[in-house]
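Same chain, two partners: subunit A is paired with subunit B first, then with subunit C.
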Partner chain A sequence: MTGFFSVFTVELLNSGIRLATPIILAALGGALCNKAGVLNLALESMMLMGAFVGIVAAYFIGNSYLGLLVAMAAGGLLGLLFALLYHKYDVDLVILAIAFNLIIQELTVYIMRVMFGNVGSWSDPSISRIPDIEIPLIKDIPVLGDILSGYNIIVYFSWAITIVMFLVLYKMKFGRHIRAVGENREAAETVGINAVRIQTMALVISGVLSGLGGAFLSIGHLKLFTRNMSNGRGWTAVAAALFGANHPIGTFLASLFFGVTEAFAVRIQNVTDLPPNLVELLPNFATLIVLISIALREKLRENNARRRFRAELRAEEQQNTAS
Partner chain B sequence: MALALEMKGITKYFSSTDVQANDNVNLTVEAGEVLALVGENGAGKTTLMNILYGLIKPDSGEIIINGEEVQIGHPDDAIKHGIGMVHQHFKLVPSFTVAQNIILGMEPNKAGFLSPKEENKVVKDLADKFNLPVDPKAQIRDLPVGMQQRVEILKVLLREAKILILDEPTAVLTPQEVKELMEVVRDLAKMGYSVIFITHKLIEVMEVADRVSVMRAGKNVGSKKVSDTNIPDLARMMVGREVLLRVKKDTIQRGKPVFEAKDVSVSDVHGLAAISHVSFDVHEGEIVGLAGVSGNGQTELVEVISGMRPLDGGKVFLNDQDITQANVRDRRNAGVAHIPEDRMEVGLNLQTNLDENLIISRYNQSEFSKFGFLLSKSIHRFAETVVNSFSISAAKPGEDISMLSGGNLQKVVVGRELSGNPSFIIANQPTRGLDVGSIEFVHKTLIEERDRGAGVLLVSVELEEIMALADRILVLFRGQIQGELEAKTATEEEVGILMAGGKLSDLVSKQPESGKESK
Partner chain C sequence: MNKRLLAILAILVVGSLMFTACGSAASTTSEEAASAADEAAPAEEAATEPEFTCALITPNPLGDRSFIDSSARGIEQANAELPVKCDIIETNGVSEHEAALRGAIAEGYDLVLGLAIDAELFASLANEFPEQKFSSPSELFLDELPANLVSYQVTVHESSFLAGLVAGSMSDSKIVGVVNGGDSPAMNQFTYGFKQGVLEVCPDCQVLVSYLGFDFSNPTLGLETALAQYEQGADIVYQVAGRSGEGVLEAAAQVGKYAIGVDSNQDYIQPGSIITSVIKRVDQTTFDSISSVVNGTFEGGQFITKGMKEGFSGLSWDEGSTAFEENGPADMVAKLESTKALVEEYRTKILAGEYSVCDALYPDTPECVAVIGE
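Up next, the complex of A and B:
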């Protein structure tokens, strides 16, 4: 394969899966919050927090795996703070999210500057990237082995957590209570379910997952931190949860779609003469189209139904006048 | 029989609104007894029940259950002491099944994992025990309201309640569902359960209750055996004066047609007919009652007539003018008034004051605004006129309306809609959820409008209301006019059979002895 079609390869899927991983993690967290009836638009800030704290912790501790754990804890704390401000002080969810996203973006740059003197990006040779792992047996399957194996632990974790979240939400008592709170909070509360606790847990878990997704960017994929490293992936995750109807599997697939689109945009730059800035817009454009189609789906269906009804009426009339 | 519940000297004062909601209220319920709790809106019934259910803390008073004084500070305490409440607005999760809703919060599980089989069995056994059949696997959102209510009752029974509070349980039910509920309540009483039945409808009190307690202005003004009282007596106790339960109505000559619908069809969101080939007219000086079980196209028809929804086939006329394409404002300017079904969401803006609510339909008239600026003085004057002519005593010009009771809110809507002398009035469920005193006001006002020469289309699911007000009755069934009756000669039976989708001929052939000549 040469030329244009050489972009469609196993490597495209490999990089698509890698690029999708942070989105999957944050989107699952967002979907969980939506299921619990508490809109979390602060995924972006939780992700950025994870990216920054993850690499800083890896540097000071000298172990990137421990860096991941600290990133998850930092994201979780951010989720807890979000829940506290929402439940205890009754701050509007959207305002809260805007504040979080703005503050964390500036705060990470500020701390980077104070601690390391860098403004744009920071790295240190002592930091090691989370290593890729081959899965025994599976790696030997032709083609499929190349697609499914050879990633780092965060990628595998994102797959596992998708399944776990599905089981918890639809097969376990805790998950059913989450869904009850999200769909009719009063119904849950009158039978003694603590809605505040459930929403708080959903926010903390979404923080933990987004934090891990952020750490994937700084110590899983690369080994450096740049300002605004999450670069809108938290917002893509919000869209992916919506696109996936807040179902873990659907959210996973939607995130994968966004990841592969991004990988495609990266690769297509090498083989076409299109201006690179335009090609880089491709994933954003895909997101926009998905969001618009979600919004229009219901409306279009109703309009079509109405058009059909009017046509039937007219046909009926003509029949009556004819006979 | 033994007392299941005794409430003694319950007093509650709300300082934020300066309302003595409960004033030294005493209430008793025996085991196996149905107690009806009646009273106007704001009489303190809800406060009293919320105190019993642990949602509100009383200032003073005792609650005694089975002879022992108990402290109820939280609904969990109430449930522990065997008190269960079926709220007026159901607390169900629409996407969950019947079993999942009933068992919510007390699911049997192994290490956190659920067992749908076991859940369905528990619910099935419960339903059998109380002879309240339900399909455990059906989704709540697919069920009719009556069935949803049954799920709520089972939910309470699973939590081993012995005293059931039913808060206005019939408000949302069809006549058939009301009948079934009455049987359920009587059966529960027979099994030894106590039921507190909160209602506005005195006819239901007479049907279902053993005893009745009447509340007025925060006090229990009397408890009587149902066999020792009657509807006029209870109405007098509720309102504190004589009430006209059936307003006086003279026969008047009707005039020319003011509104006409010709072959109107409208689709629902799925492309199915919500209204199909409906034609009728309303004359000057006439109240046309549109009867029907709710959900048979009333909402859609009213939206089409008022201009809120485009129609898909047919035409509508006002005073011989084709208004099919006219928008809401054009129709209003041409003399259409609309008292909507939902006064809280559609009829009023509770976040603003009385003045703005009263001019919302006419703010752009030169009387109330110039160059886009509102003329607050003339608006204020107008508000005063409306308040006086419709005696909305509780509302004050310039003040918020969010604290007003349902009856007073409806007076504001009625006052706004009728103050421009409209030629055609759509009144959609104008007395829903109102107490007898407010119902009397609305009914009187509508008849006055008719006598003035307006045409009135009264849409109601209350058979009694239709029978009391209408000159002519249309029955809507599955989006079609199932039949038309002259109110003078129509019987409730005839309207009832049309509402259920039957034909008048069915009635005559099956029950020849109860034909029209019997009246």
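Up next, the complex of A and C:
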């Protein structure tokens, strides 16, 4: 047995980043929706749609990069449909999300079987995986180069979009409008912000990003589609957005945490005597801890607010009795 | 407004039900070509009026290119060669098993086959319906079977041992890996047999074992797990993980190293990267279950153990697979001849009873103590 610390390698981070990428993309979309005050629990379905449409498009067009674009468009369309049903017909967001998740899970399998025969997973030798790219200059930096370089374009895009989203949300007027809608829709509307348009846009963008995350699974990482390929990653993304307080950077780090935890659980089995069943629980356990910590943080904040309010009340009373 | 909302919800719900139904609808074929023939079939069958009907309940949807598809081939063979009409009822996992079984029983099939169904559930249903014949084409872990239930046991430790010999003699790095779906005695039959084989020809080899927590449909996880093993120095990885295992095969192709497939012949999935596959002939046990009912030799309450000796498990090479020979790199292909000779040597020894391989179901035997104690 090699030592326990031998798992802490550059490859652990590489693997963690690859596992985190679909979560990062979907979680950023989820965070944006939360910021705009519209709960999107349908990330899972948008991701699955992207995974399926991405590989099918790559097969028919013969170009995997175009497959990515089609996957993004499919996710975006799903987001648009979601927004339409919500705004035009007032369907409850949670029910809508459940319906989406159920339908897409079966619809993708149904279409796969109609198109490609009675199969549970589908692949074709003509499909090529999105190639990994070494970044010039950066790849020559020792250690850091190995961590930051050597992924495909989707991974780099997920980093770029994190920064872009941060800049838009916190440094631009448009971002202030988004946050205003999320914090108080009526107030935002009274000053002339079109809340419906902003929420629709947030849902479409979350669909585009989740679709890309899904395509990462089917043509960026593997070159294969299996039923329910997203396998709960959309839900992990919902948790990551919460954990990251809906802040793009926080959400990115939270998703990365989930990815690295999963990579860690995969690697640790061969260097420890812990029973494998226990080690495999690690990612689930980490999620649980995170959710508890979110709940505690909320509670703490509430308690602080309450304490502050009481103190003010007391001060006021004292003032009253003094006078 | 409210009416419209209701209408939309209704459409969504009905739509999702429709697709669910399609996903698990009974079907008898798995190839596109065959489905065309399907349309013509009912007319013919009505004329001959098959004497027996049976249904196979799959643990997960078809299309794993492995265990479940193998059993489905047994059904196809039975439909083609025997005067029977057999259906395949797909389920989406363990939560649907009981409903599917009860549905099949209510349909009045002569024989209900349950693939990898929970043993307790299967036994309790068999007790509840004593008139119905049941068969399990693969292992059921029970001490005693109800009188109307037959359980086939296909032992894979010996064929996994042969795969271990292959890996041990072809590995350059002296590190090989196993990506296993879950830590259970049935799954460890593969692992321990393989490990014993590796250490038999290569005593200083290291065998990495990673389990996936019974996640059999997560190829992304399989891919990353295999990549981790390749990084740790492994050059041949044996996958025993259903659909998650497809990720392992993909990983081998991505890093230019090697994998060993499982259950069905998987050599063609990544030609040149998959040295061989361990075959578990669930199609044969499925076919045998049906033919025993047709021939009137069906006898419930017994375990029927089949293994390498009966030709129910082995390597893809036995079926004449040459995918690796044709597509593999020259230096690895050059090792094939001596490896195959070694495999045959041990196969003879095992069949003659001169050499015993660890069966994880009996962990107290001396050969198992030696392997597990590693």
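Methods note: the second predicted complex is superposed on the first by the 282 of 323 C-alpha atoms of A that agree within 3 Å, B and C clash if a C-alpha of one lies under 4 Å from a C-alpha of the other, contacts with A are read in each partner's own complex, and residues count from 1 in each chain.
Methods note: a contact is a pair of C-beta atoms (placed from the backbone, for glycine too) under 8 Å apart; a residue touches a chain by one contact, two chains touch by 3 or more.
Nothing here was measured: the structure is a model prediction, and the numbers come from that model.
Participant: Please indicate which partner A:174 is in contact with in the superposed arrangement: first for subunit B, second for subunit C, both, or neither.
Facilitator: The first partner, subunit B, only.
Participant: Who contacts more of subunit A, subunit B or subunit C?
Facilitator: Looking at subunit B versus subunit C, the one contacting more residues of subunit A is C.
Participant: Who does A:19 touch here: subunit B (first), subunit C (second), both, or neither?
Facilitator: Touch partner of A:19: subunit C, not subunit B.
Participant: With the two structures laid over each other on chain A, which partner does A:73 touch: subunit B (first), subunit C (second), both, or neither?
Facilitator: Neither partner.
Participant: Applying the document's definition of touch, where does A:184 land relative to subunit B and subunit C: first, second, both, or neither?
Facilitator: After superposing on A, A:184 lies in contact with subunit B but is clear of subunit C.
Participant: May I ask you to decide whether A:253 touches subunit B, subunit C, both, or neither, giving the answer as first, second, both or neither?
Facilitator: It touches nothing on subunit B or subunit C.
Participant: Taking the superposition as given, does A:192 touch the first partner, subunit B, the second, subunit C, both, or neither?
Facilitator: Only subunit B is touched by A:192; subunit C is not.
Participant: A:309 contacts which: subunit B (first), subunit C (second), both, neither?
Facilitator: In the superposed model, A:309 contacts subunit B only, not subunit C.
Participant: Where on subunit A does subunit C make contact in their complex?
Facilitator: Those in contact with subunit C are residues 2, 9, 11, 15, 18-19, 85, 89-91, 95, 99, 102-103, 106-107, 109-110, 113, 117-122, 129, 217, 221-224, 226-229, 231, 262-263, 266-267, 269-270, 275-277, 280-281.
Participant: Would you mind writing out the residues of subunit C in touch with subunit A in their complex?
Facilitator: Contacts found on subunit C: 1, 4-5, 8-9, 12-13, 15-16, 19-20, 22-23, 27, 29-32, 35, 60-65, 68, 183, 208-213, 215, 217-221, 223-225, 227-229, 231-232, 243, 246-247, 250, 254.
Participant: Okay, in this complex, where on subunit B does subunit A touch?
Facilitator: 75-76, 79, 87, 91-96, 100-101, 104-107, 109, 112-114, 155, 265, 267-273, 312-313
Participant: For subunit A, which residues count as touching subunit B in their complex?
Facilitator: Interface residues on subunit A, with respect to subunit B: 171-174, 176-177, 179-180, 183-184, 186-188, 190-193, 301-302, 304-306, 308-310, 313-314, 317.
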